[in-house]
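Note sheet for the following structure.
Chain naming follows the written order as A, B, C and D, and within any one chain the residues start at number 1.
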Amino acid sequence: MKHDPLELVVQDIAEEMAQALDRGRVADYIPDLASVSSDHFGIAIVDMEGRSFVAGDAQMQFSVQSITKVFALTMALGAVGDGLWKRVGREPSGSAFNSIVQLEWEQGIPRNPFINAGAIVVSDILLASHEPSAVIAEFLRFMRMLTGDDTIVIDEQVARSECETGNRNVALASYMRAFGNIHHPVEKTLGVYFNQCSLSMNCHQLALAGRFLMAGGINPDTGLSVVTPGRARRILALMMTCGHYDGSGEFAFRVGLPGKSGVGGGILAIVPHVASIAVWSPGLNERGNSQLGTLALERLVQRTGWSVFEPN
Amino acid sequence: MKHDPLELVVQDIAEEMAQALDRGRVADYIPDLASVSSDHFGIAIVDMEGRSFVAGDAQMQFSVQSITKVFALTMALGAVGDGLWKRVGREPSGSAFNSIVQLEWEQGIPRNPFINAGAIVVSDILLASHEPSAVIAEFLRFMRMLTGDDTIVIDEQVARSECETGNRNVALASYMRAFGNIHHPVEKTLGVYFNQCSLSMNCHQLALAGRFLMAGGINPDTGLSVVTPGRARRILALMMTCGHYDGSGEFAFRVGLPGKSGVGGGILAIVPHVASIAVWSPGLNERGNSQLGTLALERLVQRTGWSVFEPN
Amino acid sequence: MKHDPLELVVQDIAEEMAQALDRGRVADYIPDLASVSSDHFGIAIVDMEGRSFVAGDAQMQFSVQSITKVFALTMALGAVGDGLWKRVGREPSGSAFNSIVQLEWEQGIPRNPFINAGAIVVSDILLASHEPSAVIAEFLRFMRMLTGDDTIVIDEQVARSECETGNRNVALASYMRAFGNIHHPVEKTLGVYFNQCSLSMNCHQLALAGRFLMAGGINPDTGLSVVTPGRARRILALMMTCGHYDGSGEFAFRVGLPGKSGVGGGILAIVPHVASIAVWSPGLNERGNSQLGTLALERLVQRTGWSVFEPN
Amino acid sequence: MKHDPLELVVQDIAEEMAQALDRGRVADYIPDLASVSSDHFGIAIVDMEGRSFVAGDAQMQFSVQSITKVFALTMALGAVGDGLWKRVGREPSGSAFNSIVQLEWEQGIPRNPFINAGAIVVSDILLASHEPSAVIAEFLRFMRMLTGDDTIVIDEQVARSECETGNRNVALASYMRAFGNIHHPVEKTLGVYFNQCSLSMNCHQLALAGRFLMAGGINPDTGLSVVTPGRARRILALMMTCGHYDGSGEFAFRVGLPGKSGVGGGILAIVPHVASIAVWSPGLNERGNSQLGTLALERLVQRTGWSVFEPN
């Protein structure tokens, strides 16, 4: 940040976003998402000094959805190490989040862990020989540890809806199972996946959860390592190239930060060694990423110079 | 850089690369590239203080090829501004550098300016109402200005070979012309493109040419602005997400710097506000990017902590 | 037929096939198919006069597999009429029998009823509000009626194996359900599909079952109409253009008859108003169609002049 | 034909077509096609006895376009025999007439000789070591011989327009040349192709030209063989499975005859040993085939029972 106190910056941004007219389109594939108003906007920044700056609906719970893919990947890398990359690629997909075309061309190996197919493989890895409920409990403990907040829960109503409408994900999982890249029964693997996606958080909690990625792998609350610095760096690289589905190039172009979006309208963005940022606004752009969330991050980076491509 | 004097670092890297056994495969689609030995390796770093650190074959000329796409894009943005983005996208392609499939799906709009189709549109924009020879002369002046070196030339033998073997590029250009996205006769547009690609430089010159991207758009020789800071930042973002064809994710994962590779075996990588780096080794990996060039940059980043995702 | 008595022709063909060296490759995705020897070859011809000509293993049971798609389509057209074509196309697919790519491009509408996806929609139509077991019982009655043979059964061991290894078909069905083109739970629809495919018949029975297509829709045993003449004609047209997956063009080119193949090695081919022909040999060519079955039909047509494209 | 004298049938059909409201959309990519009124309809039938039955605008010249692919294929098979099939496939494409996607997947080998890419390869084969003008002269002689009509010419205005707007075809040819499947300079090969497509005929002439396919390869005027009976049969098979681009399945389903359409609105259809039929109406359906031409053939087959799938 160059000139502005961050309090003022987040306030300004929240005010501008409140007045935005083109707010995108709220996801409507499940009632729990469709019923959220596109009027909401929240932002939270947590910095290396442990300070928090919040504005708007930063304390309102929303469905974290695909942003959980970052945390599930972190857990799975902790469990199986870089062997994970034999089952998932590291390249942008060049297609929509739920495309099945690429899976046929690449024989069941998803392009990266942040598209649905890749995240389902990550769920399958986490499942190992456990029951889905045990894996989800472990995932929840992980998220509570990262945030230092034991109130974080999974929205079971959302999880049920995801499960009921999840035919495309059943298709993806079954298809990968046909290629041998899903090792457990599809319903178990998807049990993990659907519950993980249904995590409920607010912007402040999400920014707190992202701190280890800001801080070279260290959880600032405990000083303990969540991942090695090298792994933190590589997760950020994946967020930069693959974190916004087929809008990842555009996000890098406009914002210049590693980030991960979710269909609930949230985005987690990381300024290495500086800040962990969460924004939320439910309306999505045509690529499925938060319309105002992206705009807010663009404004923030303009005011602070926080782009990783900014030479100062 | 943390501990090592850069002289030592580049020397170490050059020595390690000299002994590497798996050197990739030299491009063989034209004799001028096929005849280059994969034994070569060069590295050059120019920093913000204007110091140069070179090792290996850093003074040996090589065919810059697709790395010129960064400079041509810079020129074209200077000429027509962001209107350029109506004719070229900003997303990773998810496919090979010369794929024509995506062009059919997206009605003649290439995914980004760093795949062949996108760079051909950029050539078409540069052509405007001029003759190809005038555009190439202008391009050469631009490159000489960026490097402060008037000895830089285009290898006309390479240009002729490119032209003779360029049927895929004729196909790409003709196809886009059918969609109205190439405005000039295909042979003129490709005249610009083939000559531009045939630029000959050495590592040191290439690192010098990249300085304006390191320095927020300023040419350090003159203190004058080549592009605005915002545009420099956005070009770097494109290099990060799209600079290595369908290996861009892997390069970001391993190296963590914005970079652009060429089929001649060169890579230009930028550490914002810190360094402009050029490496060269003719052997390519399976994605068409320099095998040892990538490895050398990975080593460099390990030694220096220069990844943009490194939190310190 | 021009010169040869058919007894002699089928005998000659069976002898030639017995000595063929390149017998293709037996399907191995389920044990019940993998364990069948590629040494087998059978042929049966039933003509308009009700005469039967058989040779080789014409009385040996084999898994009818995809040839059942012709009969299931016939039943479904009887049930819902041409409204069926709103949910299934009538074009060759230009891709493999189990490709999912086309489904994404065409939004869940399979290209034709003879690729897996299309046949699964047909199963879903047959299911209507019934239980899978009732639909299968009805299908079996239909096949027994067509052949006049009550011994025809479904191989339940094969059905179980199909179900266990059917992940690709689960993927296809789930994917189409996501687009709203499968109306029932995927496991019920596939329950019908897997059982239908597991029908067990011999060549003679299969040729008998095909008689209504030879005879303008009339069952010769009863003189009653199975389908209208126009519908019989249109089913034959579909067999011609789509009956051999991505080898349909080749089959038409070599044999010139409407036909339908199955992965068990059977082929049903129809000479309108002349003959219903079934051949069987388990080894498949690279397109998944019976290697010797195709060759045998080519020989038969050469001897008889039965191609629909033959001008006499 | 069952009941109706053919004079009456063609007259009835012409009258019905004159009153049709949905006449499709005239091709507009070149002025010479765009300026033709969709009001036109013509039909001509030539039978084995040499009788001609014509109605409507059967004597009006139109641009034969892709229907010439049948005749060019015939010539090329005569020149190089079945070796032609090493360079062109025999399967329906499952995609549009000018798609380039499949060429990338199948490494420059077009799926069949009746899509543009395949026909361009056929032109390249005809070119051999000759000049385009000599090949076109030979092609014209062939067409005049088949019809017994020396007035048949190529519309040079159309040929020029095709050439000027032929960027997609340049793309296809250049792309295949990159794969080594076009042996001559693209402009020469396309010189043949564009001129061939610009052949001008009327329905009666076209029906006459198709007689050798009706008559087992024999030219009825001379009694001499144009192709062997087997080759005639195989060309008809290709017309059945590939003659209407991505509407071939639909044409077979509705009409049940081997046919070939052109973007000028013509269709040639063959009833083996019975009739050669040409229809023409410039308005096209969404697959690029004549809207009323298809309907007229459907009516004709309903009245005559001429479908090859009709059992009597």
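Some points to look at:
Simple rule for what comes next: a residue touches a chain if its C-beta (ideal position, glycine included) is under 8 Å from a C-beta of that chain, and two chains touch if they have at least 3 such contacts.
For each chain, UniProt lists the protein as follows: A, B, C, D = Glutaminase.
Keep in mind it's a predicted model, so treat the numbers as computed, not measured.
The most distant chain from chain A, with centres taken as the mean of CA atoms, is D. One simple way to say how far apart two chains are is to compare their mean CA positions; for chain A and chain D this gives 55 Å.
Averaged C-alpha coordinates give centres for chain C and chain D that are 32 Å from one another. Chain A and chain C have CA centres that are 48 Å apart.
Multi-chain contact residues of chain C, defined as those touching 2 or more other chains: none present.
Looking at which chains touch one another, you get A-B, A-C, B-D, C-D. Put simply, chain A touches chain B in their complex at residues 89-95, 102, 111-112, 214-216, 229, 232-234, 236-238, 240-242, 246-250, 252-254, 256, 258, 272-273, 307-312. If you check the complex, the residues on chain D that touch chain B are 99-101, 103-105, 167-168, 170-172, 174-175, 177-178, 186.
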